[in-house]
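Each of the two complexes below includes chain A, the first together with chain B, the second together with chain C.
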Partner chain A sequence: MPAPTTATATATTNNNPPTPLDFKESDTIPLPPPKPFQPSLRHPASRKSIYDRALSRPPSSTSLPAFAHLFNTLITYHHAKSASVSEIEGRLNRAGYPIGIKMLDLLLYRQGGKAVRPTRLLDLLQFVHGVLWRGLFGRAADALEQSTSKREEYMIVDNEPVVNTYISIPKEMSQLNCAAFVAGIIEGVCDASGFGTEGVSAHWGEGDEMWPGKTIFLLRFQEKVVEREEGIKAAGG
Partner chain B sequence: MSVTTQHTTPTELMVYRVVFALLIINKAGGLIYTRTFAPGLQKLDSNDYLILAGTFHGIHAISRSINPAPPVPPAPGNRRPPTTGIESMESSHFRLTCFQSPTGVKFLLFTSPEQPNTDVIVRRCYEVYGDFVMKNPFYSLEMPVRVEKFDRALGAYLARP
Partner chain C sequence: MSYYFTIIGTRDNPLFELDFGTSKIGGDGIARFRDEAKHMNQFIVHAALDMVEEAQWATKELYLRRVDTFQNNHIHCFLTGGNVKFMLLMNPDPAATTYSAYQTTSPPSRPATARQSTTMLAANPTSQQTEDAVRQFMFEVYESWVKCIMNPFYQVNQVVTSPIFRGRVATAAKKYL
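== the complex of A and B ==
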């Protein structure tokens, strides 16, 4: 319990039962006493929730319609709150970001004792392409590419993103790709492993007859990350 | 001779067994989706489709309330099971199969009379609707269905190559 001097002063005044005169002068309404905490989490018959399970246990697969329902609600919420397509994407991205930060630790923990945090750029990209994708969607991503024009840009391609299985984008917002949520997860993983990004975004891969839902995740790393990587390479690492 | 019959019979069946069209009517009687699957059908204009949907909705409601069979006493504590209304209509050239979802959405499937298992087909259409329309965050309830993946999935299931 941190107790700086100013905080103690206010705490002692709050502990005294305030007189009715005080309320008239301060123009405040006393808050009702807090209700005792009652967990709303429902437990299965074994009385074990998801939090009681061992972390190292291999993940069991979740029902896709159940996920679709949650993701649907997330999108509807952010759609109602945003004015533009880019704002929806930004909000979905921020919703995925904390998941990415936790996924990095969780996946490394589940890999067992030999696992190490990706320390090189290519290791990180392969981690995202393989381990992260398998952990989230049960399969690896379809391609990993480097931009030909910019050295700090990399692309991960998913031909049919699982999160978009049931989602059709209306014509008036055709630029929107709800896999921005996954882009946020990738961004969280990159940032948490020390490879700062300028942002990860999801784009439609256009003109593919075979895969109409093809999505390209564009990873833009910070300049200093690329410089550090080249420094290690030059030093023979 | 037997060889030729073996060759012609499947192709003739292919010609006659056809799904003509699918209509979806919302619970208020409004037409929210219409699509034809076979080439060379007689054209209806959009107004006629709306009238057809509204009329069928009314007749279906009547058919639910006129039930000549004596009412079955319901199990204690249960409500009397509702009558389903029109489930299929047949004529010399087509069969209409109607499936009503628990929420009141009606699926009308127009097929040729030779088409078997129309109830299975119409339930599969309901499943596709549940997947790609109801799970789509950008679809607003009771409104016309303009959903790309629904069109694609229905086409893959019903349209003949």
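== the complex of A and C ==
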């Protein structure tokens, strides 16, 4: 019975797992072992971090020329990258959005122990109109209006937006309003506080001879926000 | 007496976690949760988020007080303007808390711990004293939190890894809880 024995032996050899690759003979190079973890956190020489800075308002406000220069750079950058007026506005809006999210908590913190979250639509609008505007521009906005036709639309009017101080719009882009950046900030505040919007946009208030730079910020809230608002109102809240 | 503190982002995602023990009346500041409590704490806090969502439109306060209890755990919540939740779970005697009918072999509660817990904050979680201590703790964490989000490189719902932030929270915990 020698034949079956040979067959079994052959089968066993075939079932052997393939021998591991020999790196010495192949032209692959094994990766070096990973380096031990080294924290990359660096401290400034003064050993002061962002957590050592005070959150209260600095005594002097930011210089307007410095801001205008930065804002000009921002607009030039986005202008170069966009094809249309609405794209520039969209990009400026997105640049302002994260600022709004952060401003909300900063302003609430600065109010101290009596800080309240805006839970009603009117509270939020007054927060934007008053507290936010004072925090950003040192004065309240000029008007707060509700749309007569649509219940989810509100308007905040600024007669002379400080961001537009040194900005002149070329004729072919007359629709462009660089206060779209501020509209982005407003949108960030609304979203962060749980009042989702369909978008906040900045429009020129035309036909006002006294205020040529009049800007209207149009806030369009989502339908569910208005419904929730009415639910709270119905519950007597 | 042990605490579990966590920060929950706007999409119910955890951003920061810390557990610690009391530092008052001879506490050593080390959490004494049982092994199974490690995941149960996360579960209980997550379940309490529903209570937070109910409470958040009913009050304008940032500090929502005690929102939920489960077994021996009490959950206090602080809601920031940006809808980020600071959740603090406190348990006066973690060793004696049963999470399930399943008996685990854990060391029996030390008598010293039991005696201490009667005089501690969480022994009476509804008391004004506890609420005040937690409120002060929360506002101190809020200050660090605002500083953290003021970092221009911090984006919404990003996990907070800063060891300095962790240190600030631990210091606040030592001071008030």
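Heads up, the rule we're going with is that the second predicted complex is superposed on the first by the 181 of 237 C-alpha atoms of A that agree within 3 Å, B and C clash if a C-alpha of one lies under 4 Å from a C-alpha of the other, contacts with A are read in each partner's own complex, and residues count from 1 in each chain.
Keep in mind that, in the parts below, a residue touches a chain if its C-beta (ideal position, glycine included) is under 8 Å from a C-beta of that chain, and two chains touch if they have at least 3 such contacts.
Because the structure is a prediction, the values reported are computed rather than measured.
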Quiz item: Taking the superposition as given, does A:Asn159 touch the first partner, chain B, the second, chain C, both, or neither?
Solution: neither
Quiz item: Touching A:Pro170, do we find chain B (first), chain C (second), both, or neither?
Solution: first
Quiz item: Is A:Gln126 contacted by the first partner chain B, the second partner chain C, both or neither?
Solution: neither
Self-check item: Broader residue contact with chain A after superposition on the shared chain, chain B or chain C
Solution: C
Exercise. In the overlay, answer first, second, both or neither for which of chain B and chain C A:Asp105 touches.
Key: second
Quiz item: Of the partners chain B and chain C, which touch A:Ile75 in the superposed model: first, second, both, neither?
Solution: first
Exercise. Could you look at A:Gly194 and tell me whether it touches chain B, chain C, both or neither (first, second, both, neither)?
Key: second
Practice problem: State whether A:Gln146 touches chain B only (first), chain C only (second), both chains, or neither. | Solution: neither
Self-check item: Which superposed partner A:Gln222 touches (first chain B, second chain C, both, neither)
Solution: neither
Self-check item: Interface residues of chain A shared between complexes with chain B and chain C
Solution: none
Practice problem: Would you tell me which residues of chain B are touching chain A in their complex? | Solution: 131-132, 135-138, 146-150, 152
Exercise. Over in the complex, which chain A residues touch chain C? Could you list them?
Key: 41, 49-51, 53, 55, 98, 101-102, 104-109, 113, 115-119, 123, 192-194, 228, 232, 237
Self-check item: Contact footprint of chain B on chain A as seen in their complex
Solution: 65, 68-69, 71-73, 75-76, 79, 166-170, 173, 178, 212
Quiz prompt | Touch list for chain C against partner chain A, complex | solution = 10, 56-62, 79-83, 139, 142-151, 155-156, 162-165, 168
